[in-house]
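By written order: A, B and C. Residues from 1 in each chain.
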Amino acid sequence: MATTAQPSPASAPAHEGETRRDFIQIAATALVGVGATIAAWPFIDSMNPARDTLAAGAPVDIDVSKIQPGQQIVVLWRSRPIFIMNRTPDELKRLQEAQDTSLLSDPDSKALQQPEYAKNWHRSIKPEYLVLVGICTHLGCIPIAKPDPGSVEPNWPGGYFCPCHGSKYDLAGRVFAGVPAPLNLPVPPHNFVSDKVIRVGENPPGSTFDLASVEQL
Amino acid sequence: MMRTSAVALAGAVAFLALATIAVAQDEGTPPLPKQKWSFAGPFGTYDRAALQRGFGVYQNVCENCHELGLIHFGDLGADGPGGGIGYNEEQVKAIAAASAKQYPDTDDSGQPIQRPGRPTDTPLPLNYDNVKQAKALFGTAPPDLSLIVKAREGGADYVYAFLSGFSEDKNKDRSGAPYYNEYFPGHNVAMPPPPLAGNDVPGVKATADEERRDVVTFLSWASEPTMEDRKRTGIKVLIFLIATTGVLYFAKRQIWASLH
Amino acid sequence: MVRWIDHRLPIFTFMKHELNDYPTPRNLSYWWNFGSLAGIMLVIMIVTGIFLAMEYTPQVNDAFDSVERIRRDVNYGWLIQYLHMNGASFFFIVTYIHIFRGLYYGSYKEPRELLWMLGLVILLLMMATAFMGYVLPWGQMSFWGATVITNLFSAIPVVGQKIVTWLWGGFAVDNPTLNRFYALHYLLPFVIVGVVMLHLIALHQHGSNNPLGIDRKTPQDSIPFHPYYTIKDMFGLFAFLIVYAIFVFFMPDALGDPQNYIQANPLQTPPEIVPEWYFLPFYAILRSVPNILFIPSKLAGVLCLFGAIGILFFLPWLDTSRVRSARFRPIYKWVFWLLVIDVAVLGDCGAHRPEGWYIFAGRMATLYYFVHFLILMPLIGWFERPRPLPTSIATTVMKRSSGSLAAASPVGKS
């Protein structure tokens, strides 16, 4: 620092001058730093889903009256395949048999792969209508519906078979033990807005289930 | 040195000012009367009631011939850009479904059908199905109004002046296009005077002038729905920048004080 | 930790030497802030540009709508778009001021000739980038501006039209053109970054010029870059950001053309085709030149347009004065301001249709521009009697701070 013309004043005022100097410089650094951090947010947020993307992910209404018992339709919601299967009473009976449940990894749906209103033996709201996200929890292929017993292998109780690496699920989307897939097929939020219309993407009143909260899609 | 810097700055500003008025008034149109808009100025906001009335006027008058391709029905609701114009989800669905024109679509077996509007649709012009039809009907295609306020020199003032610039007297000797408009460059426009006579929106009592103001307000919103976000953020940013500049100025003085 | 890295890649030593201790003349005025401002604008343009590129579609049917989607639907898209749009204008504002600073203080003179020329290369790259970027929103001005400027190349004899077709990738400005402009618009800013680094290396060879135009001689002439110029640059940056923010948030369309909010229509030419303001002086030069001898006016205009920038490359040799700073050059000082006024006049001519008085003004201003560099600069250098130069930077600064208003004492020859 260059020397000044006058002699240095006593130490107390000099110290005061220093604290004032430090304060301004700290304030300056802090303001600039805060500004830079706040300025980053719009850019980061611009990468979040845009308004029109969110609007396109709005719930879809599906009329299930045309699905015959034993049949399944596939619809697209948020760019994912959604299986809606109309299960026959026979299939529902088989679902509860111990023979079937002993082969499963997670028969009681302990892992968070479904909303609380689908945490039951039929993994749905109404037993006849099963709604699943049709993406194998192994590596993401779309499993094929094979509801007929014996159609995949002897002792096949009926369910889903994934052609990519051989994962198997039962007619409630629960995964078999000993296959590559680790978890049951996820159940999306869905609600019966009328007797024959399922709204996929919306929870029944009182539930706040978010599909993003499942362990793995 | 300071004086020359000041001169330089003044010169630069003058140059910029000249450049921004690049294309000034031309072809004998009178100067635009300045209007008062609720959304003008750094603190301007859109009047939601005016926006809704303006949308009503738009639907009943302008929609006959014009498209609004960048505004979906859903944009009018709370999820819309800038928070929409104050309708809720139910109202939006009702407005979409009540749209006078049906929308071409295909049913599940691939057959072409016509269906009522949805929030993701945009208002369709009533008098024609495509641009070629429009050209055949009107001579030129009516422009899409989504950005009309930004796309015209003079902005909202111009659109308002244009709408009030039609003259019945000067049109008496003509039958059909072109029509006389005081503020349109060249004075001859293919658009007939819109029937803004007041009471164009069912249930809303308004004069012709009020309808013009409302529809211009709505069209300004359509050109820039996020304007309120922009100005609000701008005030906060400017306060922060001015404060920080002040602090930095004192920091600079302080650091430099240690030199002679 | 720092030493471990530095021993293997001396980045910290490098930064300390070039940014921290780097000796800078102690008398730099605020006109020296504009170089760093230009650097910051480059960063802002690249960052906003990359985030826009994530949402933009370079296809003729979708481009205009994709930009409007950014403005309406993308979170903060309106902000990123307005920052980028106005950022281009502000990038040119600071660059032009930076260039005129160089002209006034003789920063292009020995030993900084290459520094000056690298700067001109940056300017040319900026102009190419801005031109192509303006086409991307695919508005009326985007399309017709691209059509007019690419058509210029047809003025080249023999191969002109082939070159134009090659540039277009088709029979007119259309989808292939838009796609390649997008690719190049994304690329060139990074080329600019490279040339800026060369520009800074050249600068650090001999250090900055200063308002007195005399070299640094003694250690008292310099001060370390940090903290003196870091804080001054910070202050200048934020003062500049205030102006930038006023435009971005309160008059974002003031510097643009309303016609560009209309989607491009190849069948309808707008009543006026006007480039953005930063191209107006060059546009005026282009349109002003009449037929000269056997050269048709279109070709002559193109040659003068490129000549206007090309001539600047030779400035270190066209200016024959041995004195750098216009502070000590009484005649050149006035001539410099005449040039500034001339460029402003050219800009105004570029904004208007070449009719009536504007034709004459444009031609006179274009002529004066070339006369300034080709005739006036060499002559003034030879015949001017410069004011006596001060002894050193330090003595001038000391004199100023001690309150003396006397002129610098003449000490022998400069």
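In the analysis below, a residue touches a chain if its C-beta (ideal position, glycine included) is under 8 Å from a C-beta of that chain, and two chains touch if they have at least 3 such contacts.
These figures come from a predicted structure and were not determined experimentally.
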{"item": "Chain contact graph, described as a line, ring, star, complete graph or other shape", "value": "complete"}
{"item": "Selected interface, A-C versus B-C, where C-beta contact pairs are more numerous", "value": "B-C"}
{"item": "Geometric centre distance via CA averages, subunit B-subunit A, whole Å", "value": "40"}
{"item": "Centroid spacing, where centroids are CA-atom means, of subunit B and subunit C in whole angstrom", "value": "34"}
{"item": "Whole-Å separation of chain centres (CA-atom averages), subunit A against subunit C", "value": "51"}
{"item": "Overlap residues in subunit A, where contacts from two or more other chains coincide", "value": "28, 32, 51"}
{"item": "Multi-partner residues of subunit C (each touching 2 or more other chains)", "value": "72-73, 79, 231, 234, 238"}
{"item": "Multi-chain contact residues (two or more partners), subunit B", "value": "81, 241, 244, 248, 251, 255, 259-260"}
{"item": "Residue ranges of subunit A touching subunit C (in the complex, touch as defined)", "value": "28, 32, 42-43, 45-48, 50-53"}
{"item": "Interfacial residue positions of subunit C with respect to subunit A in the complex", "value": "47, 51, 54-55, 69, 72-77, 79-80, 231, 234, 238"}
{"item": "Subunit B contact footprint on subunit C (complex, rising order)", "value": "26, 29-31, 65, 68, 71-73, 78-79, 82, 93, 97, 100, 211, 223, 227-228, 231-232, 234-235, 238-239, 241-242, 245-246, 248-250, 252-255, 257-259, 261-262, 271-272, 274, 277, 280, 327, 337, 340-341, 343-344, 347-348, 351-352, 397-398, 401-402"}
{"item": "Residues of subunit A defined as touching subunit B within the complex", "value": "1-2, 21, 24-25, 27-28, 31-32, 35, 51, 54-56"}
{"item": "Residues of subunit B that touch subunit C when the two form their complex", "value": "1, 5, 7-8, 11-12, 14-16, 18-23, 26, 42, 69-70, 75, 81, 143, 146-147, 150-153, 155, 185, 223-226, 229-231, 233-235, 237-238, 241-242, 244-245, 248-249, 251-252, 255-256, 259-260"}
